[in-house]
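A single structure is presented below for examination.
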Amino acid sequence: MSKTLPRILLTGFDPFGGETINPSWEAARALHGRRIGGHRVVARQIPTEFAASLRLLKAALRETAPAIVLGVGQAGGRTQLSLERVAINLQDARIPDNAGAQPIDEPVIAGAPAAYFSTLPLKAMLAALHEAGVPAAISHTAGTYVCNHLAYAMLHWAARKRGVRAGFIHIPWLPLQAASRHGAPSMALEEMVRGLEIALRVAAVTPRDIRRGAGTLD
Amino acid sequence: MSKTLPRILLTGFDPFGGETINPSWEAARALHGRRIGGHRVVARQIPTEFAASLRLLKAALRETAPAIVLGVGQAGGRTQLSLERVAINLQDARIPDNAGAQPIDEPVIAGAPAAYFSTLPLKAMLAALHEAGVPAAISHTAGTYVCNHLAYAMLHWAARKRGVRAGFIHIPWLPLQAASRHGAPSMALEEMVRGLEIALRVAAVTPRDIRRGAGTLD
Amino acid sequence: MSKTLPRILLTGFDPFGGETINPSWEAARALHGRRIGGHRVVARQIPTEFAASLRLLKAALRETAPAIVLGVGQAGGRTQLSLERVAINLQDARIPDNAGAQPIDEPVIAGAPAAYFSTLPLKAMLAALHEAGVPAAISHTAGTYVCNHLAYAMLHWAARKRGVRAGFIHIPWLPLQAASRHGAPSMALEEMVRGLEIALRVAAVTPRDIRRGAGTLD
Amino acid sequence: MSKTLPRILLTGFDPFGGETINPSWEAARALHGRRIGGHRVVARQIPTEFAASLRLLKAALRETAPAIVLGVGQAGGRTQLSLERVAINLQDARIPDNAGAQPIDEPVIAGAPAAYFSTLPLKAMLAALHEAGVPAAISHTAGTYVCNHLAYAMLHWAARKRGVRAGFIHIPWLPLQAASRHGAPSMALEEMVRGLEIALRVAAVTPRDIRRGAGTLD
């Protein structure tokens, strides 16, 4: 019975920065209710606001008690799915968030560690994505805006839950967002959804990550 | 009766540079036989070879007597559909072509003009693509490899045919080509096909291009 | 006696686009009066204006009757010296020029050819620059703004003068222009000047260009 | 007397990845012995080797007992001085180091925190660099190779020393390294040295960092 399946909490954000759509929520909601690797996906929209995003995250975590948590966020200008390896305890907002807040050089959670590593099997996820022909790479910075903020809070929460896996994936603009921006890269929603499904399946069924180089020189 | 429709000759290339697929041919053949703007699309594959490409082009032009000629080519690393504004009378091959030829600093057609401008209504095509949410931009260089070679030959041919419109569009890698190339941009085949169909429709039904800036400072 | 030396006309532009300095003029004037390869450099500043630039060019050509003409222009965002291979007969201004004019889809010179190739020995110049450790590449588009406009006019003029060599080189922003632009590339003025001097020397003493690939796939 | 001045330990690396020069050592040694902001600079070369780099760092720290530690490393492809905000406890080598080691997914220091933030006044340093016209930006990833490795170890060491400031700056290729790499950005050694001197002066004399946004959305 589906209610007894362990949950995947999959979050996306609402539009920000003048956009009228956010591909992260479009992709997340497309997977809502799907059964992946013996888990049930529960999608939740998170506001692109430093303060409210953490409140909504806590409520969603309490409600769903997930075995896997994956945050998804828009990274305009990136070309591929970016599997974030680390989130840092820093807010440094280049533009105001959707509530008008623009924190500079403040921690996400005061007194907490400088960073958390993703606990998803990123190398196995990357291998599966490449095998399936989905453009993807490991990233070592999730920025310093609301995406990193949420990712850090997810990992902070998961660090105290035995057996819970958590992580964050940045996704490019949709074609319609990039259309008239000269030279802007994009990715089709279908490709994003396909990639997220593959990533979640690997996360759900891979007990232990593989060892495979995906580093950067700088 | 369809045989009486004016023709659009739409060309794509075979794979080169170690690839096993060329998105330009995949996109072109997806439109083969389609009726667009009162024209019938005839798709033809062209080899990525300096010499043979012009022979095949001539045969296809003779066979189809097209009203519109659009060449399509892969531009790995580009992010959007690139509507080429100009083709130059130069071969300067960075890698050998599929026949092993690597011409350097030779003209496409000896004694012919230094360049030809596309005679497609590029600004109207660009406006329609942006309106439809397809990432696209005007480009002022088609390179110096087989793509520019074919584009130049098309425009040279069209220059002597009254009323024939010709041009070239570069397209990005497919997602599966970009998948494991770190940071490589790509575009879904469906998006490319949708964009080419829009571009061809505008080319077929727009008697006179619109005036709209799409230049670059350098 | 120095007055009898053949002349090199070296032009740079005044600042545009909100800048207070234009590296092309800084570099050109640094070489004014220098003897290079048996020629005397005469530097002239050209306004970043479509109309006035051609008037000033004509006056400078008449005054100096040069054996070599090299235009230099700022290409903000480029990383290296760009040896322009071709200039096209097109004005398509993304921003107004310094006189407020913003021509769109107009020829530089009505009725003239679609393009001219540079008549400088670009491959020999490139080889010498690389040998000297100066970052440089051949470019196949000079844009559609005042730089291409001037370059086209220079080549149009040189096409009717037997034995005159002409061409154009784009240069990056200076470090101080790039300083607070996130991620903007730049080049030191000394490096630009050194590169231009090498380029001019090769242009002055190389009777016939070398054959060496420097093409692009797209 | 100069012996009584507090020390700045400034490190650079030896060449790696097929290069014959490493700008980080060229820049560091240019400042060796200089008095900056009431401190004396001691430059030390560090091998681009995961294991040996930490041994050499420890010896240099013991020897110099510095008040400020700044590591400098080459980041080929970057365009500006990159003031690294954070170093992570991860080795993931894309290429073997100079000793042939290629660690994958191993911590820099087992059992140590996931990351350390730089304790240099980065925002004040950035403001001073921009004021002086030196291209610079804050970076939120130092990669996963020997640079991040050394930076992490520096910050780990400094975390246990009251009043010691530590951090890392990535620098671009030199022009001669970028010369024949198509499109590769670079920076003159003089500009790097000037920038590092400004950065060190600010680090030496600024008791408390300023508050100024320099974040990234992703």
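Note that the chains are named A, B, C and D in the order they appear, and that numbering of residues resets to 1 at the start of each chain.
We take it that a residue touches a chain if its C-beta (ideal position, glycine included) is under 8 Å from a C-beta of that chain, and two chains touch if they have at least 3 such contacts.
Just so we're clear, the structure is a prediction, and the values are computed from it rather than from any experiment.
**Q** What are the mutual neighbours of chain A and chain B in this structure?
**A** none
**Q** From the C-alpha centres, identify the chain that is farthest from chain A.
**A** Checked the centroid distances; the maximum from chain A is C.
**Q** What whole-Å value do you get for the distance between chain B and chain C if each is reduced to the mean of its CA atoms?
**A** 30
**Q** Would you mind pulling out the distance in Å between where the CA atoms of chain C average out and where those of chain D do?
**A** Each chain's C-alpha centroid was found; their separation is 38 Å.
**Q** Take the average of all CA coordinates in chain A, do the same for chain C, and state the distance between these two points in whole angstrom.
**A** Distance between chain centres, rounded to whole Å: 47 Å.
**Q** Which of line, ring, star, complete and other names the graph you get from chains that touch?
**A** Contact pattern: a closed ring, each chain touching exactly two others.
**Q** Please give the residue numbers of chain B that touch chain C in the complex, ascending.
**A** 17, 73-78, 82, 85-86, 88, 90-95, 102, 104-105, 113-117, 123, 139-145, 147, 170, 209, 211-218
**Q** In the complex formed with chain A, which residues of chain B make contact?
**A** Residues in contact with chain A: 79-80, 129-130, 132-137, 175-176, 178-188, 190-191.
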